[in-house]
Each structure stands twice: as structure tokens, then as C-alpha cells.
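Structures are listed in the sections that come next.
Below, chain A partners chain B and then partners chain C, in two separate complexes.
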Partner chain A sequence: MTTRALDASTQAALADFLLSMADDEFVIGYSDSEWTGIAPILEEDVAISSIAQDELGHARALYELLAGLLDDGRDADAIAYDREPEAYRHAPLLDHGRGDWADTMARRFLYDTADTARLGAIGGGWPPLAELVAKIRREERYHVMHVTLWAERLARAGGDARARFVAALEALAPDAPSVLAAPEGEAALLEAGILVRPMAATVDEWRADVARILGPLGISLALGSGAAPRPTRTTASADFRWLWGEFTSVRRSEVGATW
Partner chain B sequence: MVMPGPLRVADPDAIRAVLRGVADPEIPTVSIVDLGMVEDITVTEAGIAVELLPTFVGCPAQQVIRGSVIAALAPFGRPVSAEFTFRVPWTSDRITVQGRERLAATGFAPPAEPADVRCPYCGSERLAMDSAFGPTQCRSLFYCRDCRQPFEAFKPV
Partner chain C sequence: MTDPLALDPILPARERSERSARPWNEELPHDERYQLFEAHVLGGGKIEPNDWMPDEYRTAVLRFVEMHANSELMGVLPEREWIMRAPTLRRKLALTSKVQDEVGHAQLLYRVAEDLGKPREAMFDDLLAGKTKFHNVFHYPTRTWADIGIIAWLVDAAAIVAQQALRDSSYGPYARTMQKICWEESVHIMHGRDVVLTLANGTPSQRAMVQEALDRWWGPLMQMHGPRSDRTKDRDLHWRIKAKTSEELRQEFLTIYVPRILEMGLTIPDPELRFDAEAGEWRYADPDWAELRAVVTNHGPKSEERLEFRRLNRAATAWVREAILAAPEAAA
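After this line comes the complex of A and B, so read on.
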């Protein structure tokens, strides 16, 4: 693994971008793992658990890249677990609690489509990230297939299923573009070829993808405009604080232990 | 499993032969060589370096496999490093012909697009995919309408 030297501002921008992506995958992975054992049907219990495991694996690989880049003595686990809730940089879309199955599927739908667009905007400027993204995209394809089937199933079921799914989409829509908020130092990332297009263009692509899937289901969502002010990634809701308490509990129970 | 003596020459072919005895704990009947997980073997004065490819980014078996590789190569009497890399993405078409046969013989359908999956028990194409996600990250759940047997198929990635 050879890496061309990055200047300080590009390195800082990359670290910020890696942390945001890793925290997104980490938080949705833990959030979805809350369904293990209680999902609506057995096959779905297996599926959502497997997807959660994929996301935590992606988060781990991204935290490892970040640990190597920062080289500040923290390993992937230290970055993942040893922060206060306010220091997590996940998108506000993922700051909501698990909710019911319709909420979870609506969140997954908005996140998976946005994440797909984000991964597609990453270029070869920093080979370790480009190599990892090539691998991750092969896995995320299954997540999109899975959630698209659920979107169709819930929307076409009519009645309570459709009403809850549409209500969940509408409730989450204002926060959905937050996944694709332009990172700090976007210009440096573009200059280095780590991003191949600005997030504003990626948001347009994502919005078209969402419309292509939801349009035939008779659902139209207002997803905000690319010109909207950049949402911050530093909210820490009561729901997230509860989740943080859960996912850090083992780590905090015996500081410094290797499990 | 081939047990090399301490004087065995550590050349890549001999190392690969030993690694044919190392399996992924989630698929115990197929070696990591036949799964296409061994990307590179380098022998230098410093020791033996094995480059491995994870089938899935978050595969929880990675540390177990690393440990098995190091233990299996210990008889060569040289320092062994075994590291996972994403330098080359693992894809399901890296599974060897022999690996695909071993998978089918033990009830796993080898990776194929859903329309091309065949029942590993009776060969039928009259199948239903119950779920794209199975008990491990790399497998999907199918049901054979002919022999009425549920089975798992490797995901094509």
C-alpha cells in the first residue's frame, strides 16, 4: 500500500471526510443491530443483522484508515468508542432513534441511496480509500436491492404499511441531504482527486435516484435543494446518547481490556 | 493436512500447498486457497509474508484465519506475517473450479447471479430466493421447489 504524500490541509480534509463516513456507517450499523432478535420475520432478522454487520465492518475499515492517517496513537477501537457523544460526526439523518420497521426502512432507503451516490463520487486520489471503496461498493449493492424491495413492498401494500412508510420518509426527508453535506475542505479533496465531483452535484444525482425509485410508487419527496445551508454534523440527540450508552458499555466496563 | 518438517524448503509452492489445509471457519470444507483468498506469498530473508483478501470487508473470521495461517506455516521455521489487504478486491470469481465443486458437494451453491443458481442437491433450476442475506455475510438463502430442500448460495460480489 503506497501513498503519495498529502499536504497538511488535504490531510486534514481527508481525516474529516473519513471520520464522517465512518461514523455514518458505525451509527447506522449499531442502530440496525437493535433489530437482531426482534425483526418482523425470521429472514428479515437475519438480513438486517447481516447488513448491520456489513456496516460495522465498513466503519472498522474506515476507522483503520483514519488511525493510520492521524497516527496519533489511537487505534480503530479508540477512535470508534472513546469519544463523548458530541464528538461523533454522523449525519443528522442517523441521529433519530430506531423507531418502528417503517422508520428503519425509510432511514435505510434514504441512507443507502445517498451513500451509493457518495461512494460513486470518490476518486483515486488516495489509493487506500479508493481500494476500500471498490470493495465496499460490491457489498452496498445488496443493501440497495434489499431496501428497494422493502420500499416497494410497503408502498404497494397500501393501508397502514404504506401510510407509516410514507410518513417516515416525510419525517426524515429534511435531514436526508445531510449525508451529502459538503465536507470541510471539499476544495482540497477535489484538488487531490479524492473526490471527483462536488457534493452539490452528488446531491442532484441522489435526488434523481430517489425519484426514479419512489416515483413509480406514487411517492414524491421534498429533499431540499443543493443550495441549502450546510447542515452540521455535530448534533447528538437524546436517541443517539442512548445508543452511545449501549455501544460503549462493554468498552467502558473495563477500560483498556482486549475483548 | 501436509505437515512440513523443519528442514522443508520455504518456497511459495510449498507454502501454498500447506495453505490448502487452512479453511475459513465459516466454510470448513473449502481451503482459503480454493476460495481465492491468498493473493500473494513472498519469501525473503526476513521471513514469509502472506497477503490475504477478505471475502467481505467486515468478515469476522479474519483474525481466526490470520492465526491459522501463521500456525500452519510455523513448521517452516521462519517468521510469518499474514495481513489482509484491499489492494485487490476479492470477487467471487476467484473461487477455483475445485473450490466450486467442493462447495456444491457440501450443499452450498457456488456464486452465480440469482437466475443462474442451481440446487446443489438435485441440480434443479426451479428455485425461490428466500433472502439475499444468509447466516454469514457471504451467503444468500434459497429453497428448491423440486427436492424441497432449503440451501445457501454464495453471493456473487
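After this line comes the complex of A and C, so read on.
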């Protein structure tokens, strides 16, 4: 891969940013794939499985970029699977168990809208990432359309469905801004044009987006104000530890083998 | 004999152009109509959902397609357990996609069956109440990652041998659905073969794992197509709903896959297995037909657990179906 030379601090900031994004996509892809085969409707089963595969595909592409950048002998699989649970950097929004369909749609709604805003903040400073982001954004558009439709259907159904969906949104809302917390080396990323605006501006855009969709449905969420507080991305929950135990189980059974 | 990996996804010309006169749809005395219908079917013609058809034909197609749909739906469960455990990103994506395909097949097949007059919910009711069946191989546990390879390679291969023959079924919507399904199944076989090949070329414990999986699955595989049956007494064959007998399918499977299994360095756990060149067919130890009967009547090792899992899941997600199948409240 030919990349523009990055100074050490920018490279470290970029590596951290890539790992956070990749882990976000990896973990939500895993959570969504838990529905494969058991979603509420067969037609939706096929849809959520496609979305899961998109997210895992994005995770793989991001891990590959990271592997190239770090050049430390690890490939995308080694980065994705061969870490202790504490070393994963996904946002706290994604650190919950799969939950029911309302939880899943609430998580997807908050993540997809935030991820869209995040992708929109990435500039051309590092061409390999800019090219990948262009591809990812084409797919994420459909994810937002899909989850917006679900939000409308569940909210407008009234009764139990609306109550479940609203409760799930409210339960996840405090963790949602964590997706858009400023990365460690934000100043360096802005300087290099890898980010075109600070996350504090991006998070405002996202809050407006959420209000634009949920407002007409009569739902108002408390998503904080100002810049999102930087979360501690290293305290893996019990739910995530279960997930980690599953996705590493075959791999750990014969360390170093080819699968 | 067709190699399952060399499938033609294009509809045959005859099938595309067949919209000629369908005289049995006219108002005629029943027997006359029946004869015209049968002549059309036996002559290789297709039946479409809006055509007149004898009740016996409708029932036979429905029963056949419904069991196929049930099998796709229940067949999701043994592999689904390993979606979360797939050991690399590539395997994870391939397995998720494969199981997604099976769900998609269930959806397509339930739609074919729905057009024959039985609502989807009624088919789920009957499946979960044990009134209708699903294929024997989906009543067994998946114990190791090697099972994922053996299922995708050999169970899907045994299935595709039967399914290829259904691409020419007399019931048009089923035949067309099978075109798509066979195409996707051939991709599953490649995925399964790759998993098995990787294990067979792996560490000693990986090799032992894949041989152990083959040892466990061989019996169910040999039972899968069912006992030998009398061609002349099979109504599904008569009406060309299906095209081949159980034994023809099993022989075809053995002819294609025995050499491939041996090439892989694996041992087939049947000392009697050999090709009888004189008779032109495979000889093998008699499959355990008592086991097959027990398993398909939901007395298999995982039958009840999987049905109960489906029942619980259906109950837990009922609120979603109620919400979105009802008219929206505020949107109106």
C-alpha cells in the first residue's frame, strides 16, 4: 500500500481511530448476526443478516487498513480475534447484549445515525481511508433507511411495541454519544485532514438528525449537550465477555492453527 | 449426471415459452379435465398456481414443498450455533451468508406453499406441533467446528443431488425456485469443502476433528434420501413433482462424493462400501432405517430441543409481528 508519509503522532492517532471504528463495526456485526435464523419475520431475517455482513465486511476492511499501517506482523484476523476482552475499543453503546428486537432496533438506530455523522467527518487526508469510507457510506445509507422504517413502524404501532422501542431508546441514550467522542489524537487527525471537523461539531449534527427523525414520532431523547464525554473504552461488560468467549472459542482451541 | 458445482442458472427455453393452450382450465367434466391435466404433466408441461389442478396434485405438491420449507427453516439451527464461533473474519462472513441463504430458501419455499392455499402461520403451527416433518439430518447436534464443514459440504451435496432433480418439477413455481436454490447451494458446497480441506491439511487434532465429524454424519447422510422405494407406486414421481427415486439419488451422491472424500485423506466409516462394476452401482452397509423413522418423527437427539427453541423464539417475537402486520395507528 502506498500511503502519504504520516508523522508518528498522526500515525498513532489514526491507528487508534481505525481500531475504534473497526471494533464498533465488528461488535455490532456480531450482535446483529445473533438474529440470523431467528428474526421475527423471515423477510427481516434476510435483511438483518445482510446488514450484519456489511458491518463485518467494513470491520474487516478497517482491520486490514490498520494491519497495513501498523505493519507489526498481525493480519486482520489477529487484530480482530487475538486480543483480551479489555483491549477492545468499541463504544459503550455497543457493550450491551443483543436484547430483544426493540433493543436491537434502538441500538441500530442510534449507531447508524451516529456512524453516518462520523463517516461524514472523515476527509481525504489519508487516501486509503477516504476511499474505504466512500464505499462504506454507500452501504450505510441503506442501513439508515432500514432502521428508520423500523423506528417509524414500531413507534406508530402504539401499545406494547412503541413502549418497548421508546424504553430501549431511553435506556441506550446515555451511551449513544460515546460513538462520537473525540478520539485521543483528534488535533493531529484534524491537522492531517483525516478529520475535517471536530467531533464536537459532528455530535451536534447527529443530535439534530436524531431529532429530525424521532420528533415527528413524538419521541424526544436526552442525548446530552456539547462535546460527548470521552468514554472509558476498556471496561468490557459481562455481555461483551460472553460474546468474546464465543467468538474466540474455536480459535483458542488450537492456537496458531489455520482455520 | 451433473456435477453440482457446474450448474446452469438459466431457465430452460421450454419453461420460459410455455404459455400455450391450457385446455384443462376450460369448464369441462371432471374426468375429461383430469385426463387433459395428466397428459400435460406427463408430457413434461408445467402447472402454474392459477391453473386448475386435481386436489390430489395440490395436496401432494403442498406436502412436498412444505416439508422442504420446514427443512430449510429447521436446518438453520444446527449451523446457526456456530455463527458466533467462526474462527476468522472470512469464515464468519461465509457462514452468516450461508445460513442467511437457508433462511431465504425457507422464505421462498413457504411462499410457493402459501400459493397452494396454506397460510404461513398454519405451516409454522403444524411444524411446531410436530404434525409436519423436517429432514433427518437437522435433528442431530453440531459438536465441533468440523461439523460446519461436513454439513456445508456433504449434507448440502446430498441435498443438492435431490434438488437438482427438482429443477424440472412439474409445478412451475417450485421448479423456478429450485433454480435459485441450487445455485446458492453449490456455493455452500464450495465453502464447506474449503472448511474441510483446511482442517484435513491442518494439525493432528484438526484432522482428528474432521474425521470424527464424518464418522458421526455418515449414517444420517446415507439415510437422508430414504429407503429404496417402488418407482411405480410413487405418486410424486408419477406426476413429476420429483424426478428420481431415493436409491437413484443415493447412488448419484456416492458416485460424485466418495472419490472426493477419499481424495481429502478421510476414511469413510463403512467397510462394506464398494462400487460393484458388474451391477454398475454402489454397495454399502444397510442404513439404519429404524433410526431414520425415529428421527423424522421427532425422536432424534435434538428434535424436541430445536422445536422448543423455535416455539420460544416465536412467542418472544410475536409482539413484533403483531405490531407491524397491524395497520399503523398514527400514520393513517
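Structure notes:
Assume the second predicted complex is superposed on the first by the 255 of 259 C-alpha atoms of A that agree within 3 Å, B and C clash if a C-alpha of one lies under 4 Å from a C-alpha of the other, contacts with A are read in each partner's own complex, and residues count from 1 in each chain.
The rule is short, and it goes like this: a contact is a pair of C-beta atoms (placed from the backbone, for glycine too) under 8 Å apart; a residue touches a chain by one contact, two chains touch by 3 or more.
Computed from a prediction, not measured in an experiment: that's the story for all the values here.
Three-chain overlay on chain A, with chain B and chain C fitting side by side and no clash. By the touch criterion stated above, A:46 is placed in contact with chain B and with chain C alike.
By the touch criterion stated above, A:37 is placed in contact with chain C alone, chain B being left untouched. Of the two partner chains placed by the overlay, only chain C lies in contact with A:246; chain B stays clear of it.
Between the C-alpha centres of chain B and chain C, as seen from that of chain A in the superposed arrangement, lies an angle of 50 degrees, given as a multiple of 10. After overlaying the two complexes on the shared chain, residue contacts for A:138 are found with chain B alone; chain C is out of touch. Within the superposed three-chain arrangement, the count of touched residues of chain A is higher for C, of the candidates chain B and chain C.
In the superposed model, A:11 makes contact with neither chain B nor chain C.
Contacts of A:81 after superposition on the shared chain: chain C is touched, whereas chain B is not. Contacts of A:237 after superposition: neither chain B nor chain C is touched. Of the two partner chains placed by superposition, chain B and chain C are both touched by A:57.
Superposition on the common chain A brings chain B within a closest Cα-Cα distance of 5 Å of chain C. Within chain A, the residues touching chain B in one complex and chain C in the other are 43, 46, 50, 53, 56-57, 60. Contact residues on chain B toward chain A in their complex (touch as defined above): 56-60, 85-87, 89-91, 130-137, 141, 155, 157. Chain C meets chain A in the complex at residues 76-77, 80, 82-93, 96-97, 99-100, 102-104, 106-107, 110, 145, 198, 201-203, 205-206, 313, 316-317, 319-324, 326, 328-331. Those residues of chain A that touch chain B in the complex are listed here as 1, 43-44, 46-47, 50-51, 53-58, 60-61, 128, 131-132, 134-136, 138-139, 141-142, 145-146.
Across the interface of their complex, chain C is touched by residues 30, 33-34, 36-43, 45-46, 49-50, 52-53, 56-57, 59-60, 63, 76-77, 80-81, 100-101, 152-161, 164, 217-218, 243, 246-247, 249-251, 253-254, 257-259 of chain A.
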